[in-house]
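Here subunit A shows up in two complexes: once beside subunit B, once beside subunit C.
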Partner chain A sequence: MRLELGNIRIEDVKFGSKTEVKNHTLYVNKEELITLLSEDERLASVSIELAHPGESIRIMPVKDVIEPRVKVDGPGGLFPGFISKLDQVGSGRTHVLKGTAVVTAGQVVGFQEGIIDMTGPGADYTPFAHTHNIVIVADPVEGLKQHAHEAALRNLGLKAATYIGEAGKNVEPDEIKTYEVLPLFENAAKYPNLPKVVYVYMLQSQGLLHDTYYYGIDVKQMVPTLMYPTEVMDGAIISGNCVSACDKNTTYHHLNSPVIYDLMEKHGKEICFLGCVVTNENVTLGDKQRSSNMVAKLVEFLGADGAIISEEGFGNPDADLIMNCVKVEKKGIKTVLVTDEYAGRDGASQSLADADQLANAVVTAGNANEVIYLPPMEKLIGYAQPADIIAGGFDGSLQPDGSITVEIQAITGATNELGYNKMTARGY
Partner chain B sequence: MIDKIRVVWYLNQFFGQIGGEDKADIPPQKHEGGIGPAAGAGRLLGDRAEVVGTVICGDTYFGENVDTASEQVVELISTFNPDIVIAGPAFNAGRYGVACGAVAKAVTEKLNIPVVSGMYPENPGVDMYKKYAYMVETTNSAAGMRKSLPAIVKLALKVASGEPMGTPEQEGYMPRGVRVNTFVEERGSKRAVNMLLKKLRGEEFVTEYPMPNFDRVAPNQPVADLSQAKIALVTSGGIVPKHNPDHIESSSASKYGKYDIAEFNTLTEADHETAHGGYDPTYANENPNRVLPVDVLRDMANEGVIGELHRYFYTTVGNGTAVASSKKFAETFSKELLADGVDAVILTST
Partner chain C sequence: MNDELIIISNNPLVIANYNKVKAINGDIITLLNYVRDSVHLGHRLLTHPLAGSLKPNESPYKSVVISQYASGLDEESLSIIEGSLQVAQKMLTERPLPQWNERIDDDFKIIDRSLLDSALASLSNFK
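Entry: the complex of A and B
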């Protein structure tokens, strides 16, 4: 399966009378977009604001972040099962509005949404301080249950990103990158001397608003399955998550799934990248056993020599991570894990909820409990009150001057376990 | 001229030159200047620092009165107004190592002054107190004094300088088990790919998170006769009285709550809710018994299946809460449960 990604460099985003890309500037017709998004009767109000890197702006509570993309050539469209029909995606050509992001904000649960500061110390921790953001704040109609609110916001973000992505359809990209993985036997035959590597892609599926979707299906209802690496680039996986902001994978992260891109970089040179095993993180022991058995079986079935296994979330999913690792290692296949840590505010506690000596190669995205002071910003998009109850906040987190002292857990994408960031933790 | 760094040294009765085992029960005392190894270190400190005082306590006295002794030692140390405290080295002397560690903990917490020590890695004081002091690895006997003193002094000068501390390898201290975030050149995914390449090629690689010896707890024996047993409910699912009166955090909880349920035959939306930030609270709020099954246990008590339901439940939020915090909570309330004659606990999670 072969996909061309045409990256269109966007250097600024402005409101305009027509949604279009001109000279590396994206113009968004605000009224047209609001009209489109207001069609959802679960939402009482929708407003749109822009936030640029370096501006004194705080966005919270953030639900999801989505990169605008558009299908230019080949079957299907973005976000199959939600926005586009259920065609097989991952081939042809897709254009990307690089440097922009749609950010959805609103108070869904209060606990489980994140903070994005566009400047100051918090900006170092989130990739979305460095994108030109089109922020959509939507409030639900009175009495709407939280899961219905989540579904409405999820859909709204995908819809907005698709609408904006269309602006890149007829624009000449600044660069075109080609990603291709051949069918299994051809792939292995083409690179007979390179070690064969599989990516085990764990998705949050604990339920109760901790859900991820693969081609429209809630992944807690599926068994582990195989995926070509390019499928995510067209939005085969989307986030339906309300969970600690630091290590939930936003839809943006899935579209730019970093292990996939970095394995593709080495594919055909130092490794033979066979593809991905997509799996879940369900809560019952039986589900964990079934899924981890199947992960190990599929990795073996593919004939892999090595596997990278990435986690989403923490605590309960630590058990899935270790089960996947141990079962794959016991088949003689070498693993590297990507996780983050909850070592306490002083960094002195045990970091994971499970451990095994076979997990001897681990990449950590940092300690999510580390406390940070976020100074007041000149402008707030959304609501600041949830700071005291947000995951990572505590009584008194929000000060009268608008400053917030929280664990970095509350910052969107701060300890992303797909390995999107440059942070790590060291033992001192 | 820059003021010299003021060092206070903590020693036991033996290294403090008071006596052997027969003097191990002496209470804390202080002396101006350095004694024993503290005197020997004077030359090593050069003109940057000086040992302004030595505090000595017998190992037996300390071991038998840890809390009081810690307080007394801290009190004596504070009179010298030090910039840094050096304790030991204790080598493989268990009681002395634990005393040095306890002093480090008390000095860190009460005086907010850094502590440097030295011990043999298997000294129990290392595991118990490593996060409170920078400890140099020593040999297992005092024969290694000549080698360990320069290392301790070097480390102490670095710590006292206030400059950021490097890694254990760089600075020569035993890992304290403290995880600190830092930014590196490459993103995590790339580090993972490179680590896998090394592992596949059989080359040396360094994990970013060495797996700890995981603390697994073996289940207790079953309760012999439930119908006579007093059962308590404990939860990490965050059930609290309505409006969370003690403000237990939605994640990374710093406290637990103890609440009376004597008046409740069941929990309802009107009186209880969850403070937990790790799941959709809709169903727990609608019917808090789903997480804290007061209703079912009342039925069981009425039917004689269990003896009785304890009148208090203990609750916290498990979401993102450090294992060390959970351990501390349970250590405290387990004593209360025992004192209240509770025979068994039903621990619910989410």
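Entry: the complex of A and C
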């Protein structure tokens, strides 16, 4: 399967009378977009604001972040199962409005998390301080239940990103990158001397604000399956979760997963990248055992020499991570794990809720318990209320001047376990 | 629903709406200790005690599903409940549970119930 990604460099975002890209500036017709998003009868009001890197703006609580993309050539469209029909995606050509993001903010539950500071010390911890953001805030109609509210916000973000992405359809990209993975036997035959690597892509799947979707299906309802790496670049995986903001994959993270892009970069040079095993992180131990058994079976079945396994979230997925690791290792296949840590404020405590001596190659994305002081911002987009009660916060964390002292787990993407952040630990 | 299970819960929303609930009148540590004792008595864990991404020092409510009948010590269950207790104690020592207002308290009940529902839906498919 072969996909061309045409990256259109966006250097600024402004409101305009027409939604279009001109000279690296994205113009958004605010009224037209609000009218489109207001069609959802679950939403009482929709407002849109812009947030640029370096501005004194705090966005919270962030629900999802989505990169605007558009299908230019080939089957299907973006976000199959939600926005587009259920065609197979991941081939042809897709354009990306690089440097911009749709950010949705909305308060589904009272303790909801997710902070993006566009400047100051917090900006170092989130990649979305460095994108030109179209921020959409939506209020639900009165009495809307949490599940319906979450679904409405999720759909709102995808719809907005699709509408904006269309502006890139007829724009000549600044660069075109080609990603291709051949069917299994052809792939292995083409690179017979390179180590064969599989990526095990673990997805959070546990309930309200803890769910992920693959071609529209809630992944807690599926068994592990195979995916070409390029499918994710067209939005085959959608985020429905935002609890524990630091280590939840937004839809933007899935579209830009560094694990996949880096493996593709090394494909044919250092390794032979066979593809992805998509799996879940369910609540029951039976599901965890079944899924990890199938992960190990699929990795072995593909003939892999090694596997990269990434986790999503905190606590119980540590059990899934270790089960996947141990079962794959016991088949004689080496693993490298990607996770984050909850090692206490001093970083000295046990990092994960589970461990095994076979988990001997681990990449960390940072310690979520690290405490940070976020100075007040001149402008807030979203809802101030969750500030003093956010995860990682503590009594008195929100000061009258608007400053917040929190653990970095409150910051969107701070310890992202796909590695889309700056933190890690190295041994010397 | 799988009839060979017990829900251990301190969530009033679960206690009021589900059958086969062992109600725990206490905090998460009390509940996890009860689950650990049950595991020592030979009950198996059917759900992970740290289900969801809410931290033990964030949400006051927890529902854990175990097997109804004791059938000898299950070492995997023991390892998981001990690890979970360790994480919960560590986090609560570093930062105690805040006092939430009613709306937020209700939201925590709903999330815990949603996590439990996803487990019960799965458990109904196999034994």
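Please note the rule applied: the second predicted complex is superposed on the first by the 422 of 428 C-alpha atoms of A that agree within 3 Å, B and C clash if a C-alpha of one lies under 4 Å from a C-alpha of the other, contacts with A are read in each partner's own complex, and residues count from 1 in each chain.
Keep this in mind: contacts are C-beta pairs under 8 Å (C-beta built on N, C-alpha and C of every residue); 3 or more make two chains touch, one makes a residue touch a chain.
This is a predicted model, so every value here is computed, not measured.
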Check: For the three-chain model obtained by superposing on subunit A, do subunit B and subunit C clash or fit?
Finding: clash
Next item on the list: Could you tell me if A:Ala319 is touching subunit B, subunit C, both of them or neither one (first, second, both, neither)?
Entry: second
Notebook entry, point to check: Is A:Gln204 in contact with subunit B, with subunit C, with both, or with neither (first, second, both, neither)?
Noted result: second
Check: Is A:Ser349 in contact with subunit B, with subunit C, with both, or with neither (first, second, both, neither)?
Finding: both
Check: Can A:Lys248 be said to touch subunit B (first), subunit C (second), both, or neither?
Finding: second
Notebook entry, point to check: What's your read, subunit B or subunit C touching more residues of subunit A?
Noted result: B
Margin query: After the superposition on A, what does A:Leu418 contact: first (subunit B), second (subunit C), both or neither?
Written below: first
Next item on the list: Classify the contacts of A:Glu370 with the two partner chains as first (subunit B alone), second (subunit C alone), both, or neither.
Entry: first
Next item on the list: Considering only touches as defined above, state whether A:Leu285 meets subunit B (first), subunit C (second), both or neither.
Entry: second
Next item on the list: Check the residue A:Thr339 against both partner chains and state whether it touches subunit B (first), subunit C (second), both, or neither.
Entry: first
Item checked: Which superposed partner A:Leu33 touches (first subunit B, second subunit C, both, neither) -> neither
Item checked: 61-69, 205-213, 277-285 or 331-339: stretch of subunit B that collides with subunit C -> 277-285
Check: Where on subunit A do the contacts with subunit B and the contacts with subunit C coincide?
Finding: 109-111, 146-147, 206-210, 243-244, 314-315, 342, 344-345, 349-350, 353-354, 369, 389, 391, 394-395
Check: Any idea which subunit A residues touch subunit B in the complex?
Finding: 109-112, 124, 145-147, 195, 197, 206-210, 242-244, 258-259, 261-263, 265-266, 270-271, 305-308, 310, 314-315, 334-339, 341-357, 359-370, 388-395, 407-409, 416-428
Notebook entry, point to check: Can you name the residues of subunit C that touch subunit A in the complex?
Noted result: 45-55, 58, 65, 76-77, 79-80, 83-84, 86-87, 90-91, 94-95, 98, 100-101, 103-104, 107-108, 110-111, 114-119, 122-123, 126
Checklist line | Of all residues in subunit B, those that touch subunit A in their complex | finding: 131, 165, 167-168, 175-193, 195-197, 199-200, 205, 207-215, 247, 249-252, 254, 276-283, 318-325
Next item on the list: Under the touch definition given earlier, write down the residues of subunit A that touch subunit C in their complex.
Entry: 109-111, 146-147, 204-210, 220, 241, 243-244, 247-248, 282-288, 313-316, 319, 342, 344-345, 349-350, 353-354, 369, 389, 391, 394-395
